[in-house]
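The block underneath contains the structure these notes are about, expressed in structure tokens.
Per-chain numbering from 1; labels A, B, C, D and E assigned in written order.
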């Protein structure tokens, strides 16, 4: 218990990932939904860093680094989309987006 | 010229159809007739050049198509295909020549020419994939014919026709691929050539599976009970020309394929499934005859009668001896002529009255004596009266199958009874009695254009009924080749017993051989 | 203290980067041109894009000889991997882009084509896809994927109408979730093997004898989910119809082809060794996914009222079909996938272009989408040639010989057969039959129904222009005479795939 | 001689075709004359052939051309004129020539005059093929051909419902028998390898009895149809709907005897299987009496004669079944003459009575129609078998055969039948020609027919008179070269004379009784209420039985097959399968509800399911249960949400 | 011991923060909690010796990303309670919980493998940033450049989408309207 193994980190990563999932599924406000996707990526990053540490290998940190970059870009595009959607509909709740179905 | 005659036969109508788009609407009929005439003459030339004494395929053409996968453009015909091809060109010719006033006639003629291409393609292909290509492609123009010029339920009918046959043939395609794969396993090379498949001897269990796969495709096309329900709809809704071609040629694809694929490729499976298939055939004969008897629409009577007759063809095919198979191949031609003519005839009255209900008619023999006569002749041919074309086929088919099973032949023979029942009843309803319906009082009799279609058919019906030799003899030679191949390939003793070697028989009987 | 690293420039094999670099340079130059002189016509950018893509194509062709002689070509610390798969998929990506990008030369004006950035993003996207397929490093794949995806989201949204925003947002959100899945999966793979290079992962897993099976499965599941999203496998497909409906037909057609082939290559690289690992579970799950994707998508396509949505579901089904190739996992099946996809490119190009030329700016009364079936009713009466073309593409999609897709289907089912997957072969065949219905439905509308409005006879082709018509003609020719190109294609593809060891 | 063979064979065909060309045109006398002339040509040719054969000339055997040849099967169009077929040819051509000429008068006012002659000649052609063919297949051509012509001619007045119904009935019933015939032929082919008479018969010697029995039975069933033997007899009486010349030619003289001809022709076969022969004889005797019984009470002139025909056919089968083929053939010939005459006479009466058929409405016609009366009486006497008319020589011979072969029961039956025959024949004569002129009440104006018609009939009358004692000798001499030459002599002359005279006496008594009873045409109500009367007038309820238990069920079964089985089971299941997909689509496509949250949920749910499966895989499949529960809950939930 | 305490502490904190992010109805709370969570995560990086990553995390997330989000939030004015129309939260928890549970079940078992080799080992005595730099600019130079492209794409996309030109839609305008609009624009310019 006191010795922190890789499993601990992985489990933590998993739990955070699950919280992210809850957010993704639960949120209908798009902005807040995007928050949750950030949580997903960050949860994974912890895992990468931990593995990197335990294996003494830098690749994991590399991956985490790129994940951060990706997350940042996603935010940019996501916000762009959000803004334009808000301009048109005056709402950022996804329940208003059901013009296509079936 | 004759080296490539099959290719020319196949693609000439297609090319003409393309050019047909350019032809002005008023002249399209003349265009269609001339193209179909040329095609028919070409097919006659094919017949003329065909040498009945040669065993095996003739006019072979080969061109690599996808050699990496063993697919080649391989064409060739034997007598079994030859006559169906001639029939196809002939039926198309008279079909186009006698087209009534239809809307959008240009599209129709173009469609018919495309259809002709696919029909000839199917019967001259010797590569399974090429065969499949034409087989499937033939659905498309037919779909259009039914769907665009059909009756009120045409869309339902056309979709049903298309999807049903499409489903079956996809299963068949899987079977073909397996066959090619087994060939690959045996020889290390892919091949879809039917002739090479003939040489492949498969173990019995594989034969059974493949037989079933092929069977699905063919059975739906034929159509065999219980896969026949698309047919009444298709016929019921299709325009006259569509029904004629469907009945005369397209249905023959299925029975032809049985002879071309199932028998020589899977002789043991054919023996194994002979009895079940015969039972299905008998159900087709009796059951559909009963259904035909119950119909109120005269076209449906003819449609169901088609199914019933196809049962006899199937039975003859699975007689697995020269007499039966020859008979069934001949019956394919015969049924093509006769049911084609019957559908033409139904079309004649439909053009006049725009109804096909027998209750609307009655006493037509008074008003349209020539029509009634021709109808009567064709009906009697359909019933299988001797000296008509149908009789030869039915007689030989049943004769052949009698060798395999007496009791089943007896049951199948009821075809001549039940056939008479529904046909005569229908004829009586439509033609006999007093003219009760005011609308029927002044119907014009068959006109010249219609005569042009019907008289040749009547002549063929009787001519080949009396003197079938020019057709029967070549077919016989080709069938003998197939049967001896089957005998040679059969691996189980049962199959060896069931499939007699025609060559061996020749030596022993005094009257054997061809005359 | 770190040792200085000495690397010869030769060993970096910089030439392996050439195709992607060309695309990036092209994108940048378009932006620069716009900066220097604004307000230039879209045709210029289209042609520039096409030019750069041709250069790109040329660069890819360069590899063919080397690869077929020496096998795989590695570059830049082995991050770049040019093998047969990479070459094939890049050819498809670039080739398809070349024929899709001129679809912006419509006679009507649409918002996105007003932006030079549209073309820049387009080229960036292509570069992204190229990176994605030309690597077995999970990082580069990820980054390439995201580059392409982000550009694609923007391209969709730039169509600038409610539906396209909705589509972009939906796509984006699900893409973000998929990205999370991808990274989670990579993490687990990394944890398992200490590596993020696919060949290394395979090697380590094999050496371990798949001992940590639980981890393997978690990794595979999340990878399946994220790639399944890209490939639109059921139940990760839900974005597809909406996004296709929301974007312009041209882009929807593009989306049905290019992103998927990129994802297929990644999936092939990843799943191929897993399928052959002897873990039955993987095979079963993939089997189920393939069957489900084919069948369910077909069933939903049956009930669609809009042609574009129908095509969306149909493309899901086709993706399931192609995925079967990966499941089968023989050289023949993998080759069949590429063959299938190349033939699919032309047919789908044709079909979506036909939709594109019939695009109207204002919806017809009583219609809620751009391309409802009713719009095509009686088309043969008003525009026989166009109707015939459309029917041709539908028949090809349905797998009617001798049109394009039939040969792909044939070879693919053939590969299932020769790998002894009889049930799969049968299911694939029967699915084609189900699919027949909805393709037929359009044909029936076009050929067998009466036009709803006789006056608007030309409205089908309002958006057509010469380039678009040319493209349709090209697609039609390629679809009809596909049989002529199947054999050389097949030989080339098989050689390439075999060369890459798949 | 071959020339005459072809002439005899094809001249009716030519006549038919030529007449057929004028088929749709209004009456042209030419067609009648033309066909009659050609028929006469055929008659002359047949006579020449007969003379040739009588002179002991060679059997003429020709092969026109190949018909069917495939595998080992070889069927030519082969024709043979031998002692048996030439007799038939004579009968056919003679009767038909007479009938043709007769018809010119009879059909005088009919619209379908030309058509009628076309059909009639076609019938003769078919009949010629039937009798002349040298193989079973050829026989079958004729067999079916006469069936076709019979159909055409019975239904000649196609506006009449009853006529067309009867035509169809005749055709279909014949078809049932034809099937058996076909099967018999198949069996012959597969056992002997040929359908040629000579080859097949030669081979029969080496074939086991069971197979032969089967062949014999099937062929006989075929014969039963054509010759209207029980239980396929009902069509014959109904066939009387056709014009009377047709009844004379087809349903009395020629076609219905084809069955007898077949048995005679296949005598080498039936010789080998006496059991079947005995069955044939028994059935024949039964039919003879059975048919006669129906004739006793019937009130339709033509039907009475038809039943009489049926009865006589029974006689012929008795003879043939007992192996007395030449006797059967002889009776066939004799019967053809007098029965045709009887019918033609009846035709005259009908003409006179405006197609009235009920003899109770006639009476006293001998005043108006003297010649007809004479001829019909002559024919009836011949039918009754009174010496020295033709009937005596042939019919009594059959009685003798039965007696000599020790089939006493058959003999008794036939004897009784002979009495019944005499009774109903003279009941008819009496009702029509004697007594009071009841027809006056009904307003008929009877008149004698054309003279040329009467002249045309006269050869038949003469033959009915003299055929027996004049031809018997030479006939036997000729025919027995081909058929088994069994002599049927009752060895004790006393018995012979007792029997002959006794028979004559009984018959005479019957005639007298009939004459007395029906001279005044009193209708006895008491008898009519009698059970047996009802049974007989309703033809033993057999048509009723067929209608109720065969025709109706078939029709109903057909309706069920179509409406229930075909549409509701077979077709519905096909559509059902298709609908499963479509309905599934309709039910589930709403899971794509356009809500992003739902989409994300599907994605996560998919992952979750896979994970469950993975854990199940690694930890054992207990987890799978859990998975199902969760999956169920989830789906349920979604459904409820959708409903909401 | 220190590691353990730190781990559990930060684990607790991140979980709480992210839970707040996910569950709160106040957008502002969510944003703040997210930012805090990000910072706590960087603590793990430091804990795991990935100093460079930790620094990047703080800079990128708490700096750039949060700024962006905050910007977005101001734009949308979602300081009010967010009304959400979420349905059936049970399913969400069921799904997510199950996924977490299942993965945890699997992850409890440690990985056993002798074949894992560090390809880019952490070298003793070399600073993390240095080592990272070494790898990043050799092996991962290409991904790095591609990431740059990606950011460029994101930038262009962001600019285009949020730009003014998107305010009117040529897609929805008929040809005549476009012409009119362009003419008026030219007039305005001249």
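A few notes on this one:
As a working rule, contacts are C-beta pairs under 8 Å (C-beta built on N, C-alpha and C of every residue); 3 or more make two chains touch, one makes a residue touch a chain.
Since the model is a prediction, treat every value here as computed from it, not as a measurement.
Counting hops only between chains that touch, chain B reaches chain E in a minimum of 2. Chains that touch both chain A and chain C: D, E. Distance from per-chain Cα centroids to the pooled protein Cα centroid is smallest for B. The pair of chains sharing the greatest count of C-beta contacts is A-E. With centres taken as mean Cα positions, chain E sits 27 Å from chain C. Centre-to-centre, using mean CA coordinates, chain C is 75 Å away from chain D. Centre-to-centre spacing of chain A and chain D amounts to 93 Å, using the average Cα coordinate of each chain.
Taking each chain's centre as the mean of its C-alpha atoms, chain A lies 65 Å from chain B.
Chain contacts: chain A has residues 6, 10, 17, 20-21, 24-25, 28, 34, 45, 55, 57, 59, 62, 66, 69-70, 73-74, 77, 80-82, 84, 94-95, 97, 99-102 touching two or more partner chains.
Residue positions 86, 91-92, 95-96, 99, 103, 105-107, 109, 111, 116, 118-119, 131, 139-140, 143, 147, 150, 153-154, 157, 160-161, 166 of chain E are each in touch with at least two other chains. Each of residues 139, 143, 146, 150, 153-154, 157, 169-170, 173, 177, 191, 194-195, 214, 217-218, 241-242, 303-304, 437 in chain C touches at least two other chains. Chains that are in contact with each other form these pairs: A-C, A-D, A-E, B-C, B-D, C-D, C-E, D-E.
The part of chain B that touches chain D in the complex is made up of residues 160, 163-164, 225-230, 287, 290-291, 293-295, 321-323, 326-327, 363, 365-366, 369-370, 373, 380, 385-387, 391-392, 395-396, 398-400, 402-403, 406, 409-410, 413-414, 416-417, 420-421, 424-425, 428, 431-434, 466-469, 472-473, 475-476, 479-480, 502, 505-506, 509-512, 514-515. Per the touch definition, chain C reaches chain B in the complex via residues 380-381, 384, 395, 398, 400-402, 406-407, 410-411, 413-414, 417-418, 422, 425-426, 429-430, 432-433, 436-437, 440, 443-444, 447-449, 483, 486-487, 490-491, 494. Residues of chain D that touch chain C in their complex: 578, 581-582, 584-586, 588-589, 592, 594, 596, 598-600, 602-607, 610-611, 613-615, 617-618.
Against chain E, in their complex, chain D makes its touches with residues 597, 601, 604-605, 607-608, 611-612, 614-615, 618-619, 630, 633-634, 637, 641.
Residues 589-590, 592-597, 600-601, 604 of chain D are the ones touching chain A in the complex.
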